[in-house]
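Following this message is one structure expressed as structure tokens.
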Amino acid sequence: MNLLSVLVFSPLVAGLIVLVLPASLQSRYKYVALAATILQVLLSVLVWVRFNPSLGGVNNEHTLQFAEKLSWIQLNVGGDSRLQIDYFLAIDGLSMPFLLLTSLVMFVAVLSSWEITTNLKGYFALFMLLDTAVMGVFTAMDFFLFYLFYELMLLPIYFLIGMWGGVKREYAAIKFFLYTLFGSVFMLLIMVGLYFSVQDPLTGDHTFNMVHMMNPANYVDGSLFAKFSGQLLLGIPARSLAFIVLFVAFAIKVPIVPLHTWLPDAHVEAPTPVSIVLAGILLKVGGYGVIRICYSIFPEAALGYAWWIGLIGVVSIIYGALNALAQRDLKRLVAYSSVSHMGFVLLGIASVTAEGISGAMMQMISHGFLSVMLFFLVGVIYTRVHDREIANFRGLSQLMPQYTFFIMVAFFASLGLPGFSAFIAEAFSLTGAFKSAGVNGLIPRWMALGGSVGILLSAAYLLWTLQRMFFGQLRLSGGEPWRLLLTDVTIREKIALVPLAAMALLLGILPGVVFTQINTSVLDLVKLVNP
Amino acid sequence: MLACGAAVIPLLGAIATYTFSKRNRGSGIAIAGSVLTFVLSALVFYTTWDHTAIHRQISWFTIGDLTFTAGVLLNNLSVLMLFLISGISLLVHIYSAAYMKLDPRLPVYWTCLGLFCFSMMALVVADSLLLIYLFWELVGFSSYLLIGFWNTRQAAVLANKKAFIINRIGDIGFLAGIMVLFSQYHTLDLVTLFSDHGLVASSPRIGGVWVGATGQLSQAWLTIAGAVFFFGAMAKSAQFPLHTWLPDAMEGPTPVSSLIHAATMVAAGVFLLVRVFPLFDQTVLLLIASIGTFTAFMAATIALAQHDIKKILAWSTISQLGYMIAAIGMGSPESAMFHLATHAFFKCLLFLSAGAVIHELQHHYAKSGDTTDPQDIRNMGGLRKKMPVTFIVMTIAALALAGFPGTSGFLSKDAVLVSAFGWGAAEQNVFSVIPYLLFVTSLLTAFYVARLIFKVFFGPAGQEELHEAPAPMRWPMIVLALCCLFPLFSVNPVSFESAWIMAGFYLNAVEAGAYHTYVPVLVSLGGTAAVFFAWFCYGRNRSGNIFTDKGMLYRFALNGWYFDKLYLAVFVKPVVLLSRILFGFDKKVVDGLVNAVGSLGLSLSAVSRWTDRYLVDAAVNGLGSISKTIGNFTRNFQNGRVQYYLLATVAGVLLFFMFTYFL
Amino acid sequence: MIPLEHYLLISAALFCIGLYAVFTRRNAIQVLIGIEFMINAAVINFVAFSKYDKAKLGGQVFALFAIVLAAAGVAVALAIILNVYKYYKTIDPGKIDELRD
Amino acid sequence: MDQQFPDITGTFSAVTGGIRYLMPEIALVAAFLLGVIIDLFFSRRFRHAVLICAAAGLGAAAWLTLAAGDDLPADPLFYGMIFSSVFSNVFKLVFYGVALLFLVLCFFNRQLQQHAKGTGDLYNILLVVVLGMSFMSMSINLLMVYLSVEMVSVGSYLMVGYISGNSRQAEASIKYALFGGACSAIMLYGISLIYAFTGTLDLGEIMVRGLENVPSLSSATAITLVLAGIGFKLSFVPVHFWSPDVYEGAPTPVTAFLSTGPKIAGFALLLIFLMTFFVAAEGHRFFDFKNTISVIAIMTMVVGNFSAVWQDNIKRMLAYSSIGHTGFILMGFVSLDHGGFRAMFFYVIVYALMNMAAFMLADYVEQRANAVTATGYAGLGKRFPLAFTIFVVVLISLTGIPPTGGFIGKLLIFSSVWGQYRATHALLPLAMLITGAVTTVISLFYYLKIPLNAWLRSGDTAVTITTKNGLLVYTAFAIMLILLAVGIFPQLITAYLPG
């Protein structure tokens, strides 16, 4: 039985089990979910071990690993063509690290779901559905399958935020849903357009297969998205319009500055486990989408707009960091810091250099661990005193020493202290961006320096928060009851936090663990985008 | 192999102290660790000083087609620093075992100190710029931890945040330098870059074009790279624009100040400049020299007016560092290293003895419940009878600082001044004033250090029950005092060339010009004159002091030329204000903008209040309101009357018919 | 004999009168009368033009069916109008507008 | 004499020869007659007798249609009155399925069961309407078209007004009757004009030739009038005013049936019309069907979706949503030669399933918590978890979000219209595509109103009337499973679709 299918659909099975179990066994649901995530972690470790780093496989099908291709839908739509969609799962260097990241983040999210009390059955079923959808997105190599999982992600999140969220949960939930749906509806049109322009070299039918979409030979000449057909769509060359639409659809997920307004609302209103998944994985789907679809299928458009993407990256870094500086609510601060950190990813990708893209990939993985750890820690305080205002706490280090230790690890790691993964990621994204001026002239040098200002700002707002909340004399706005409530981290919380910190440290000291895995794919991608 | 052993031991020590610290509060293990480190580094020093440099490396990770290596480079420079750091850290370990005995969080203290020693040692021996940067920030981080050690005190917490952020500013410079070099030479390995026939030295700089391994950049980028590296060093060595964090860093425990903020960490900046020396071209050297000199002069003037004993020493450290940086700027890194070595010893000793004084006063005040500030020299006096050993040791260190003949300070300061004058002669324009400025600074140094000694130890005996510092504090001070004297560095007390450190750095033949002789003489005469003048002001009559407290100059100096307030007003406040404006902008306009696209200018609050009545509104950004208007239009046809429906239908059919038929 | 155009004119006129009646009358039964008018207009057409369809006489057959179906339609409508009267006490279509947007 | 009756035996044998192909219809007539008799005698003692008889009749008809399978008459029967083809068979099966589901709904509807006059007659009328609908899908003669349309319309007036338990139901029936009467009269007049111009009632070559050599203004008028008549059945834009009021007023089972049965019959009729006018007339010199239907489709989608946004009453909202779906299916009609055929069939079947399921659940909630409006649904999610989970999946399918049948339907229609656009690069297909995409997003607004109120908002705990209609939810669950299965493996349906 192929590994990837098991990895993708095991949570769905767990979800069904949860649905079937009678309500009396309510406390058992979380253990079923936990078992599913542990299984997933083991499987992804197995995938990691059996992954052969020398095979690049970005745009040639033979070097894709764990590939699994079955013909799924054969509709003869009458007229000239047959609708041929196949169930094509595969991974390569670009998507493999995300599997381990997703399973680990899901494990931590389920662990932090102990605090959920109202109708658990619905909660865990939706959670498992979300898990399947996200795993599917990272492994799907068929655009239709990718779109199917991409849309499937929306619903569970809408209900998870909507039903278990904070005060303004409805507004936040529907806002998230609309932002993403707006992007994806037009992606559907582009997908259908691509479908009609690409022909499977073997069977001659139209196909959704992404790998075929990547090499221009498969395009029917004269079709809408053929490379040199110069077809115009609403006045703009079709291929660049397609690139813009797809980039906007994924940029909403990254998020980039003008389209980021859903992130703070969604995170503030979402319960802790959901905001963990939101920050840990969903932002990466945006980045992954840009690399896998925008950059691989429309390389020349990617080069054309590199300058703009780089600019958006820098603006996101600085804008996000400045906004984080002004926050009073801790969770909103972490949300804005996510916007700033994801700016590095965009900058790295825009530079189309080996260092830049590896830095961007590393940043996505390290931000995955660090933002999850940060949200988990915010959740720890929130579950105890239901308050996140930074001003209401002073001198927590005396009250909760171990908690302060974890907070300091998380804060220093995410501000890019060397020895942790964020430093390697940000340093190489910026170096890649800086080098690109000399190598392929895509990004001007001042953008790299602008990006490095972001590192300084992140140090500013994180340390300021650390100093206001944790050091100085103990003074809690909640007074004595809070002092009793604010107990130190429990064993369960430590089980969740320690692996995350360990992973961040491991990737900081031995970045080779990730880099060797993704190196060949990154080189293939650079060759593909910028021959 | 010994070297990486030496570097790693403090880290092991740190972890060990933290884990087993419950039993004897970790002091034993920590001191054992540092002794072992000292022995190992002494061995390494012995084997590699003046021998061929040892360079071992292993591959760390590969990105694209470049493999990054991590390894150890031992040449004279790194070995000297290694020996220096391990020696001083051993003494400070012993000292702080006594000083911090009753502190509840001692194990945490040992861990942080261990972490610091590890990162400092590793910084010194690292062989690639990326590794140096890595440990560079780790050193900053451990200094953050140690400054903020007593994290219940608000001042300490503010200070360590300030220190870390200013260091971060410097690190951006360092990172930018790395980026420039990497994009130019595609490698960060020190040996390939900066050795004599390395890439940087050999790459031609003809006609404004800096030819690198792959492409070439304009000459300007070479100067920018040099300036940017210096910017990084400025933050770490507290040079002029980024120096404000060092005086505040005195909030940390005194042994920390002595080890980190006197001897080792601040010297890291100088070490980096010496490491990267081939990169600097003329303009950058000039910049370094001028900033170094200005810092030295400015710090000296500020030190004059300080009352807190540790603040005085902090400003004097900044001033001495200014000396070293100026020396590098003037093209003689060897005299800078010499001064760095000697300065490490006597400044560390000054801090330790100040620590002893503060320690005793704290006990005394704690017992008598008196709340005066133990660190303020105005209410100290006549301690020489109570604490004779501390007095003697501190005086020796003071003399070394002032550059009195017979002490190591004299040798190293002369080295710097002689090369300054040698260099000064060659410069025509305004820069020729630099050597004279340095000379005036040395006079000021002599004056404020004398003021310190007289204020603390001479004059009427204030307190009675004071007694000498405990043994474990006294012995390290005595050892340090011995190191401050000249024998440790060169056999002949007068001529600095014969010092083995200078020999170690293949001194390029300094012409025995005229300066060679009269400069040392002038300096020592000036020094003694300054000391007598200080004796005249502070020594004999306590009251009649010449300088009034109210003078504008006095207040200007006391507040550190108001740089702190300037930075606060110019940088910190506007950034926070900007971020608040941006957040407001983000909340109202960007969110609103996205809605405005649909809701034709309705502000977000109006839209959201309006939306809550219908689901649509809970959903709305912009799209909702368009659909609502169209929905409204189509809706009011449904007014319930069937005949109206029929009329509308026939009208619709006719309209439709005309549209399809006639258009 | 009467030329064919006259038949067309009469049926068109009848159709318009029926349509007018349907729109304006204030009484449901009169609306039904209007609908009858329109159906009869169609019947006129059918009968007039079946002259040319000697073989199958399609028009005549259709006329018969139209009359029968009209009768069925009116019967059902009248039953429903009775029902409405029970509730609204009026059969003015204008006033029966409880179901609206 | 013989001139009038040239060949009695010939005509007689032609007529009886055709009977063999009409077995399903005969089964329906038999069931109807049997039902009437049973209602007279046995309904006192055994209430559900007529229901079982009707169900048996429908079952037999369905079985006979399937059994006939591919033994289809080559040429039209009964002198060109009826042409039973593989298309009409598919339509007939859909009608029988919808009718059976209607019976299930009636069985569990409390208001119907407690009705004084008993529901016997309702089932008989249902059989007549189904008979009318199957004739609608087979008739190729204008007389037959009018006859079957009248049969279905009059039957549905009766079904809407059957209970008249309150003023709203009576109002709905009167509106439906008046509006329907007028439209069928208009259609009749249109048919008479066509007869006048072409002299024949058979939808075929002669009619098209006749219409061509008549001045285009008059032929266009005739065809527009007939289209208005068909439009009444389909309720597309200019003729859609009646459907929201009638759907809201009528009892829910009847509304469910109305929104699927007669509407799909209308599609069948439109298909027959288009087939004749496309196939016969190569160009459409006298009347451009493609543009007309495209504009109608766009208008219908816009009106349907946008006005649904305001609705609070569930049935009224579903009425507007069915108008929207009509527009979507019309899009398929435009690109028949680009795979629109199969797409339209697929969408029709999935639409029938979705609508039936949605109305079933609306009925279930109406009876259990007598909540009729969306705001009335507040907090019900926790009290009827299974019902509302199914409701959410059905609504997702109605919106057209993946893994559901609705999405595949929309995808097929989109790709056929895209094929049309690619072939002609005309502006209208592109406009249709964009309207389709935008209205899909708009449809999310009102479809999501139900789960939002049910799950996200907490309502007051109104009293729940406990009735024994659990089976209703389980049928809805079955339909949901079918929808999901079709969503993931569309071959289940497309394999059996013709064209």
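As written, the chains take the letters A, B, C and D, and residue 1 is the first residue of each chain.
As a convention for this text, a residue touches a chain if its C-beta (ideal position, glycine included) is under 8 Å from a C-beta of that chain, and two chains touch if they have at least 3 such contacts.
What you see is a predicted model, and the numbers here were worked out from it, not measured in a lab.
Asks: With contacts defined as at the top, give the pair, B-D or A-B, that has more of them.
Replies: A-B
Asks: Report, in whole Å, the distance between the mean C-alpha point of subunit B and the mean C-alpha point of subunit D.
Replies: Comparing mean C-alpha positions, subunit D is 80 Å from subunit B.
Asks: Counting in whole Å, what is the centre-to-centre distance of subunit A and subunit B, each centre being its mean C-alpha position?
Replies: Centre-to-centre distance between subunit A and subunit B: 37 Å.
Asks: Can you compute the centre-to-centre distance for subunit C and subunit D, using the mean CA position of each chain? Integer Å is fine.
Replies: Whole-Å distance between the two chain centres: 26.
Asks: Would you mind pulling out the distance in Å between where the CA atoms of subunit B average out and where those of subunit C do?
Replies: Their C-alpha centroids are separated by 99 Å.
Asks: Going by the contact rule already set, what residues in subunit B reach two or more other chains?
Replies: Counting only residues that touch two or more other chains, subunit B contributes 615, 618-619, 623, 635, 638, 640, 642-643, 646, 650.
Asks: Of all residues in subunit A, which are in touch with two or more distinct other chains?
Replies: Touching at least two other chains: 170, 174, 177-178, 182.
Asks: Out of subunit C, which residues touch more than one other chain, so two or more?
Replies: Where subunit C meets two or more other chains at a single residue, that happens at 22, 31, 93, 96-101.
Asks: For this entry, which pairs of chains touch?
Replies: A-B, A-D, B-C, B-D, C-D
Asks: Report the residues of subunit C in contact with subunit B in the complex, numbered from low to high.
Replies: Within the complex, subunit C touches subunit B at residues 19, 22-24, 31, 93-94, 96-101.
Asks: Can you list the subunit B residues touching subunit A in their complex?
Replies: 60-66, 130, 133-135, 137-138, 141, 148, 151-154, 157-158, 161, 164-165, 168-169, 171-172, 175-176, 178-180, 182-184, 214-215, 217, 575-576, 578-580, 582-583, 586, 590-591, 593-594, 608, 611-612, 615, 618-619, 621, 623
Asks: Which of the residues in subunit D end up touching subunit B in this complex?
Replies: Those residues of subunit D that touch subunit B are 174-175, 178-179, 182-183, 186, 216-217, 220-221, 224-225, 228, 237-239, 241-242, 244-245, 288, 291-292, 295-296, 302-303, 305-310, 374, 441-442, 444-446, 448-449, 452-453.
Asks: Would you tell me which residues of subunit A are touching subunit B in their complex?
Replies: So the residues of subunit A in touch with subunit B come to 170-171, 174-175, 177-179, 182, 257-259, 261, 319, 322-327, 353-355, 358, 395, 397-398, 412, 417-419, 423, 427-428, 430-431, 434-435, 437-439, 448-449, 452-453, 455-457, 459-461, 463-464, 466-467, 470-473, 510-512, 515-516, 519, 522-523, 526.
Asks: Looking at the complex, which residues from subunit D come into contact with subunit C?
Replies: Checking each residue of subunit D against subunit C gives 79, 142-143, 146-147, 150, 153-154, 157-158, 161, 164, 166-168, 170-175, 177-178, 181-182, 184-186, 188-189, 191-193, 195-196, 199-201, 244-245, 248-249, 307, 310-311, 316.
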